[in-house]
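First chain A sits with chain B, and in the next complex the same chain sits with chain C.
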Partner chain A sequence: MSILIVQQSAPYGSSNAKEALDIALAAGTFDQEVAILFTGDACYQLLADQNPKQIDQKNISQMLKALPIYGIENILVDKESLEIRAIKELDKDLNLKQVSKREIKSLYQNAKSVLRF
Partner chain B sequence: MSLSILALGSPFGTQAAYSAYRFTKAALESGQQIHRVFFYQDAVHTGSDLATPPRDEFNLYQAWQELKIRFDLDLVVCIAAAARRGLINETEAKRHDKSNSNLSEHFELSGLGQLVEACVLSDKLITFG
Partner chain C sequence: MILHTLNKTRTKEDLDHQLSENIGRSDSVILIEDGVYQALTIAHCSLAHWANIAAQVYILKDDALARGIPLDLDNITYIDYKQFVELALSHSKVISWY
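Then we have the complex of A and B:
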């Protein structure tokens, strides 16, 4: 894998979620092998039925649905982060794979570049 | 070994941009090759031609420009992140019908493809966020 993008931030409190996603999409456009990992408060990006229109923001989970169109199928979420936050249901259209701490370690080891936001 | 630098933090509000500068300078002075320095998120303000710190403070904006001239560095500011934050060059000013521009001539505006390319072509990418 060439680029691992680690999303650590909640969807709307900062520009991190959107600006990290923009890198993922750019890397996809340039045919790079990309994985995107959601950990910590970034798990909240993956909830279904978000309604950010009320704060004049674009829906992050809708934007994440574009990832496969850009050739990014490796969309991972930190199992432990979900458990800590008692998040039991994620947006089903996102095709997420839950990963353990051990799998995350090997993701970091196998990536050429890691970008964390 | 060739390195690329990704700067994310704002030039005055965080130490990130200063640390990125110190690292880049030290690397170049010890003979390392810096493929590119990419400014993203609030670090795009590093490219401002209008920043005027008080005379008795370190001028990080000028320091980057001097480093660029001394080592012929590739300093790239993300065009989308910069436009959102009010940092544009003359070409972009014309395109968006603005009467002024404020990007220093020592910085180039370009897309995220330049960051992706830096990830691929450099041996290591080092982030200062």
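Then we have the complex of A and C:
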């Protein structure tokens, strides 16, 4: 894997989620090998039924569904972060793989570059 | 061999925790901006803390000076911007924790 993008922010409180996604899509467009890891509060990006129209924002989870179109299939979520936040149901249309602490460490250690948002 | 930059105080606990979990023994940490305050507490942190795993802990001297952090703390290497650049080049990658 060459680029690891680590998302750690909730979807609408800051522009981090959107910026991380922009980078991922740009890298995907240029055929870079990308993995996205959702950890910490970024797990909230993965909840189903988000409806941010009221706050004049675009639906992040809908945008995440575009990732496979850009060749990004490696979408990972930190199992422990989900447990801490009592998140049991994730958006089923996202093809997520839950990863353990150990797997996350090896992602950090082995990626060619790591971008955190 | 990764260089980790840390720019937040220890109040951002989750960040410290994540760094501690993912750092390797050959990696180093450089404290920058508000991260330099962490230099005051690393002498008494747990064995699982990043400070006790990192091969080296560096601190950006200008940021330490600016914030009144002593310039003679043990087990910390004080560096300037030029050395920061050299470290960034000599490590396989840089990860920013912020």
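To be clear about the criterion, the second predicted complex is superposed on the first by the 117 of 117 C-alpha atoms of A that agree within 3 Å, B and C clash if a C-alpha of one lies under 4 Å from a C-alpha of the other, contacts with A are read in each partner's own complex, and residues count from 1 in each chain.
In the analysis below, contacts are C-beta pairs under 8 Å (C-beta built on N, C-alpha and C of every residue); 3 or more make two chains touch, one makes a residue touch a chain.
Keep in mind that what you see is a predicted model, and the values were worked out from it rather than measured.
Trainee: Between chain B (first) and chain C (second), which does A:Leu82 come into contact with in this model arrangement: first, second, both, or neither?
Mentor: A:Leu82 sits against neither chain B nor chain C.
Trainee: Which partner chains sit in contact with A:Ile72 here, chain B, chain C, both or neither? Use first/second/both/neither.
Mentor: Neither partner.
Trainee: Now for A:Asp22: first (chain B), second (chain C), both, or neither, which partner does it touch?
Mentor: It touches chain B, and chain C stays clear.
Trainee: According to the stated criteria, A:Leu94 is in contact with first (chain B), second (chain C), both, or neither; which is it?
Mentor: In the superposed model, A:Leu94 contacts neither chain B nor chain C.
Trainee: Would you check which partner chain A:Gln109 touches, where first means chain B only, second means chain C only, and both and neither mean what they say?
Mentor: So A:Gln109 only meets chain C here.
Trainee: On the superposed three-chain arrangement, identify whether chain B or chain C touches more chain A residues.
Mentor: B
Trainee: So, A:Thr39: does it touch chain B (first), chain C (second), both, or neither?
Mentor: second
Trainee: Name the contact category of A:Ile3: first (chain B only), second (chain C only), both, or neither.
Mentor: first
Trainee: Once the complexes are superposed, what residues of chain A are shared between the chain B interface and the chain C interface?
Mentor: In chain A, residues 112-113, 116 are touched by chain B and also by chain C.
Trainee: Which residues of chain C touch chain A in their complex?
Mentor: The contact residues of chain C facing chain A are 2, 14, 18, 21-22, 24, 93, 95-98.
Trainee: Tell me, which parts of chain A touch chain C in their complex?
Mentor: So the residues of chain A in touch with chain C come to 8, 39-40, 101, 104-105, 108-109, 111-114, 116.
Trainee: Given the complex with chain A, which residues does chain B contribute to the contact?
Mentor: Those in contact with chain A are residues 6, 40-41, 80-81, 111-113, 115-117, 119-120, 125, 127, 129.
Trainee: Considering the complex alone, what residue numbers of chain A touch chain B?
Mentor: 2-3, 15-16, 19, 22-23, 26-27, 29-30, 32, 112-113, 115-117
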